[in-house]
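The two complexes that follow have chain A in common; it is paired with chain B in the first and with chain C in the second.
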Partner chain A sequence: MSILEVSHISKSFGSKHVLSDINLTFEENKIYGLLGRNGAGKSTLLSVITDRNFANNGEVKIDSEDVRDNDSKLGMMYLMSEVNLYSNGSKLTQIIKDSESLYGGFNHELADRLIKEFGLDINQKFGKLSTGYNSIFKLILALCLPVQFVLLDEPVLGLDANHRELFYSELIQSYSDNPRTFIISTHLIEEVANIISDVIVLDQGRVILNQPVEDVLAKNHSVVGPEKDVKQYTKGLNVIGHDMIGNIRANYVYGDLDDRVLPDTVQLSNFDLQKLFIFLTNQYEGGTDNEDK
Partner chain B sequence: MSILEVSHISKSFGSKHVLSDINLTFEENKIYGLLGRNGAGKSTLLSVITDRNFANNGEVKIDSEDVRDNDSKLGMMYLMSEVNLYSNGSKLTQIIKDSESLYGGFNHELADRLIKEFGLDINQKFGKLSTGYNSIFKLILALCLPVQFVLLDEPVLGLDANHRELFYSELIQSYSDNPRTFIISTHLIEEVANIISDVIVLDQGRVILNQPVEDVLAKNHSVVGPEKDVKQYTKGLNVIGHDMIGNIRANYVYGDLDDRVLPDTVQLSNFDLQKLFIFLTNQYEGGTDNEDK
Partner chain C sequence: MKTNKVTKFLFRKQIIGLGEMYVLLFAAFLVLPFIFSLISGSLSDYSLADQMRGTWVTAAFGIYMFAISTVSYENFKFLIQNGVSRPTFFNSQIIVNGLLILIGNTFNLAYQYLVLMPLVHAKNTNIFMSSYVGYFHNPFVGFIFNYLFSGLLLMVGALSGMVIGNFLTLFSKFIQRIILIVTPIVGYITVAYTASRVILDDRFQMTWVANFAKFILGYRSTGAYDPFPMIVTIVIMSVVMLLIVRYLFSKKQLKRE
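Here is the complex of A and B:
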């Protein structure tokens, strides 16, 4: 029912352009992965969207209404981030009560289950939580508040493997019970690759990829074989990276292969989202068909 | 040439037993993965080994000599951890100089390359570094100081996927150029699974696994098929976890399968180190052959 639109958002800190003309549409009931290197602008974008930070240009709208200073629209979003909004002396139970009255609701049944599963001491004070439990507490808030847009910035920071797996499975369960829109920013790309429906890649403050995950993965091809044959086969294709092991070369192609004939010596397979991300956000200069190396 | 031995180490904070009778031997030129859930005692163990923290019982020896207050033995180890040893106002170049004179050497050639590859601003002050670059700077120290034992506690905290991949490849290169002993504590288990030679799992302050990785992986079996057949086949085996999808059951076995006959309906394969870790450190109660669920 609700759509979140980001139009022409730009943001500078001093002379540094952190976000440059960002245009994005977040549709209802999708799970977006927002990927980018450290410093790419992800956290800034999420804080601009939720009006914690202001942009120099552009606007953020929910259902065509600007969210800036707009309590009813801002109340449709929750941003879980590394920045702590709560005072260290507050008890977790009190933060839940305050958030419930601010957002007009709270799923206590789900929260009770999550608190038990994660082993969170709910009588603790916020400032006493470890990095991992700080994340866990804010994740519980994010999943239990009645918002249409859940924005998660590095949600699993400090979580061990068991708690990460538990979180991913609870996220899917919560989404399935109550479909809404998630925007997840994370460095652990392979762990969310099966969860997200769409992938957005920010690089140096610009959107360089914005597509459904399955479309992206369908364009990932690894071409492996003798160096000469691989180079010949991938001539003119969009080679974004390569590996060499002895005389065997792997060229990584992002895009369509057209109908060229595959030599018997060369094997095609796919590669994963994290590898694609690394190639797209590294400067790659060895992939042109003119190279001599 | 050098062996690090941990004997009967116990440590309590108040009434809480953080480490209980830990016995470990770290041999030369191996790469150990030290795994454990949040709170399992990993960081405490590493700080006890390096004499930053004292144990209530037990001792740590290098080549049969107690390391406690023993500068020549302590100088053989470097612990890179979340705890910052350096003052925020110090320039990175000064910290390198001080560390070089403390440890009696520094691989400037390698450091220069790493600084360039990671894009670290070496003229920065320590306190101005982001979480990611704080880790990166300490990793460069760890790889370039002339120590026999390199202890890394959550080395990739805050690093993006590109920098993590770069670090793993530089670690392998550095190890290959100059073999020494590494102890790596991390929550990103699958990312180090191909790097480590031995795996140690701590759980609630005790060592519950200590083996070469290849031996561990050879004992990981997933048994998949119709529920009845799978339960029948795995009867009496060490089932440490299971999944159900519709009528299909996967039982996860850790240990030998003996020479029992595999039914045609059941498929055997392997599962990965992270999954094993999760099973071993979760309380699992659904795996006995007596279960009714």
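Here is the complex of A and C:
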């Protein structure tokens, strides 16, 4: 059982703090959603985890061993990102061959099927690929290389709706055939909400949420009704946002509800991950700070 | 062992590049002049021996080694994408450079001894042959030291390329451009100033600098130059540069592009 641990990672570019004391644990055979707005530090964190860039502080370990300059641990991860690290002049077949050699394996059967399903011309040069097919090619590599940790940074960049749908279904199929850890960094929350088992929200270089999706959704409550009743009912709760339609108010609560009595005029339901994300990340920008007061 | 896999990967890439360079050079130096002679009707003036007389074949390999040694960021990108650590990349690159030098140096000397010397009766085919070969009375020992000396020169050239290339990759493209523009200017001014002062100074012949240079070059008032001080100097330089390159490799990171 392999565990990826990120301990006290901080990273700055000049005077800009991109990551501040990040502590995370990625367990085996789970699909994590790493969510955050643009510039939240998602890509930098993945870059540090895979030793592409150095952190200013902290360490990344797999099974208690530092990954820094460690071939055996680095070989357990594959990071697919929008940054192109393959030579534009290389043929796709050659890249697959070289990657297979360096990782010590490749699922050709799956790759052949994916190449056919996505309609990828494998005899092309990497530099000739469109943005969408560039992502598709790297996704095929990510799914077919024998690694324990698959890190996908904005995996559906440039993919049309059909290809996105196909990718998600292939991802689930690949996971069920060969369970391993996936870390999917994205801001398209709706698309991954049904896939991920755990959610991590990064905001301004800090982890503001790190929990199983099930637990998170169980703590999401929307309280809808007349403004006065809703305000009265949610007083003292962790209200992270609200909507108003005429005289009807919806207060969004994150956290456990206590035993208070629900008025007949007020309805209680759950809201989705995307809404939670928006409220949480806005809150940290000060937009709806003190919402619950 | 990942080092073996990375070594194979780098070697395949760089040996293909070397082959392509030789094909291009042979085409440029031998085939093109022949075609021009054929077209212009002066085929009787074309001489294969004349075309081969120059030392471009041997010089080309040294230039190639220097050039490919300066370029490492592309390989770093591919290798870090494939879970290869910096020390493994460094070890493999050094092994590959060693193998290429072994092949290129063997080819160069074979070309000198089997083509240049018998065909066009060339004598001073490289630095060793023009300065140090007379030190050895036994031609076979002379050949061995020629091989060693040429290999060491190629090694120091390749390591110089690695130091320059890997130093530059630590910076952004903008800073790299500034360094590439400013360094030759500062270097030229420094060399020009120093040289003019030295040349103008009649006492230079007596200074320790001149004596030290003579010692390093192996100058002997009795005649033939002694190659050993130079060999030792090159070995020391190589070790120092190897340590610098290893340090620079350990600092490699992906740039924000």
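Remarks
As a convention for this text, the second predicted complex is superposed on the first by the 282 of 293 C-alpha atoms of A that agree within 3 Å, B and C clash if a C-alpha of one lies under 4 Å from a C-alpha of the other, contacts with A are read in each partner's own complex, and residues count from 1 in each chain.
Just so we're on the same page, a contact is a pair of C-beta atoms (placed from the backbone, for glycine too) under 8 Å apart; a residue touches a chain by one contact, two chains touch by 3 or more.
Quick caveat, the model's predicted, so the values are computed rather than measured.
Because the two structures share chain A, they can be overlaid on it, and in that overlay chain B and chain C fit beside each other without clashing.
Of the two partner chains placed around the shared chain by superposition, chain B is the only one that A:187 touches, whereas chain C remains out of contact.
By the touch criterion stated above, A:123 is placed in contact with neither chain B nor chain C. Of the two partner chains placed around the shared chain by superposition, chain B is the only one that A:38 touches, whereas chain C remains out of contact. Superposing both complexes on chain A places the Cα centres of chain B and chain C at an angle of 100° as seen from the Cα centre of chain A, in steps of 10.
In the superposition on chain A, A:15 contacts neither chain B nor chain C. Once chain A of one complex is fitted onto chain A of the other, the partner contacts of A:176 are absent, as it touches neither chain B nor chain C. By the touch criterion defined above, A:64 lies against neither chain B nor chain C after alignment on the C-alpha atoms of chain A. Looking at the shared chain after the overlay, A:247 reaches neither chain B nor chain C. Superposition on the common chain places the nearest Cα atoms of chain B and chain C 11 Å from each other.
On the side of chain B, the complex with chain A involves touching residues 36-39, 130, 132, 158-165, 187-189, 274, 277-278, 281-282.
Considering their complex, residues 2, 5-6, 8-9, 74, 77-88, 250, 253-254, 256-257 of chain C touch chain A.
Across the interface of their complex, chain C is touched by residues 13, 47, 50-54, 69-71, 74-79, 83, 85-87, 98-99, 101-103, 147 of chain A.
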